[in-house]
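I've put the structures underneath this note.
In the two complexes below, subunit A is the common chain; its partner is subunit B in one and subunit C in the other.
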Partner chain A sequence: MEPKFKPGDVVRIREDYPARHFRTPGYVQGKTGTIAAVHNAFRNPESLAYGGDGLPRQYLYLVYLTQTHLWEHYTAAQDKLYIDIYEHWLERA
Partner chain B sequence: MSHDRDHAHNAHAPIEEHQAMTAYEKRACAIESLLLEKGIITADELRQQLEEIDAITPALGAKVVARAWVDPAFKIRLLADAKEAIAELGIATDALTTLVAVENTPHIHNVVVCTLCSCYPTTLLGLPPDWYKSLNYRSRVVVAPREVLREFGTELPSDIEVRVYDSTADMRYLVIPERPTGAEHTREEELAELVTRDSMIGVAKARLPVKS
Partner chain C sequence: MRHVHDRGGWPDVGAVNPTEHNYTVWEKRIHALMRVLTRHHLFRVDEMRRTIESMTLHDYETLSYYERWITAIEHLMIEKGVLTCKEIEERIAQVETLQR
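For the complex of A and B:
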């Protein structure tokens, strides 16, 4: 399985609050960022949390977002947030 | 144990804990009992594991950073694949998921947090400090990193780029602090003493060398 995104791709982090374990914090949901790196494919923690096998593995990406995009009152335009997001939480922006 | 009646023991609070267990503590105890009862682990294995984790100090991480400061080729390997690079130094990496090293420069300052829980590069730094796990740090460092760093005594120039790393998943992040000025000719072992735990989380800079 090949990663769906590559470094430089602009992505949107999906908005979803399933009533179960997930590892995409609310503050980045619905926000747009850029792929910084493709880490690797890992077992899906949303399945592992309940004793599942975590398969199929999900690609994990390092995504960066500008802080001014995330927070209304942020002033330093060059500052960024880097965060690890699984592929099924990302869509092309 | 015999009790020494001549020795005053009233100076401090009783050592026994009287606080009620939280639901999570009760759950952890129940799981532990089951693992022991079913013979999946032994009490000695559990104790040994805790002893090993407690024995890890940030000195291990400091050794990695000092090597990166003196050996540019090692630094390149560390930034490309940190897990493989630290294995070169004889550090056991079996328990480590995946490690990423990020480098502080005159233009970029990195700081690490886990907003969801307390993910931390334990293999290199030992157990995280209490503040790293606090709601205060976890919630505020993403929103106002410059302010939080100032509270740690770390003033950043306004034109530097601040990068907050939120380690939400399988990766663990290690900050390589900047090599302090004045430490150009310091030996590797002495350099390691300048690398503190907090500088590898990114809330502080490395120590300045003592002028001789």
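For the complex of A and C:
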């Protein structure tokens, strides 16, 4: 299995609040960022959290977003947030 | 709906208190208990995290860090059938008697 995205790709983080465990915080959902790095493929914590085997493994990416895009009153345009996001939470922007 | 732990951007919660403290014996024991239980595959840390995140807002806000851990461990031991509520309650009563 190959990663779907590569560094430099622009991605949108999906907006979803399933009634189960997930690792994508609300404040980045629906926002657009850029892939900084592909970490690796890991067992899916959304399955591990219920005693599952976490398979198939999911690629985990380091994604960066500008702080001004995240917070309404943020002024330092150069500041970025780096956050780890699993592949099934990302779509091409 | 956002879960209790998903705090980024919540209005009016104030700054995070970054102060460290020297861990008490019971906090160390809870940490050790978690390590022993996961080492013996009784649950995974992901399950503990899910359990903590499922707490009511009141519990999440009023319990300390390791109180959340022990609450989650108790919940998981019951969920997995390792212990029953009755066994835990009986043991607590026993310990309380010993301490008097």
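Simple rule for what comes next: the second predicted complex is superposed on the first by the 93 of 93 C-alpha atoms of A that agree within 3 Å, B and C clash if a C-alpha of one lies under 4 Å from a C-alpha of the other, contacts with A are read in each partner's own complex, and residues count from 1 in each chain.
One rule holds in what follows: a contact is a pair of C-beta atoms (placed from the backbone, for glycine too) under 8 Å apart; a residue touches a chain by one contact, two chains touch by 3 or more.
None of the values given here were measured: they were computed from a predicted structure.
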Touched partner set for A:80, first subunit B, second subunit C, both or neither: first
Which of subunit B and subunit C A:45 touches, first, second, both or neither: both
Contacts of A:60 with subunit B and subunit C, given as first, second, both or neither: first
Subunit B versus subunit C as contact partner of A:71, first or second or both or neither: both
First, second, both or neither for A:25, with subunit B first and subunit C second: both
Intersection of subunit A interface sets (partners subunit B, subunit C): 25, 27, 45, 70-71
Subunit B-touching residues of subunit A, taken from the complex the two chains share: 23-25, 27, 39-40, 42, 45, 60, 62, 64, 67, 70-71, 74, 76, 78-86
Residue ranges of subunit A in contact with subunit C within the complex: 17, 21, 25-28, 45, 48-51, 70-71
Contacting residues of subunit B [partner subunit A, same complex]: 98, 100, 115-116, 142-143, 145-146, 158-171
Complex interface listing, subunit C residues touching subunit A: 1-2, 6, 8-9, 43-44, 46-47, 49-50, 53, 80
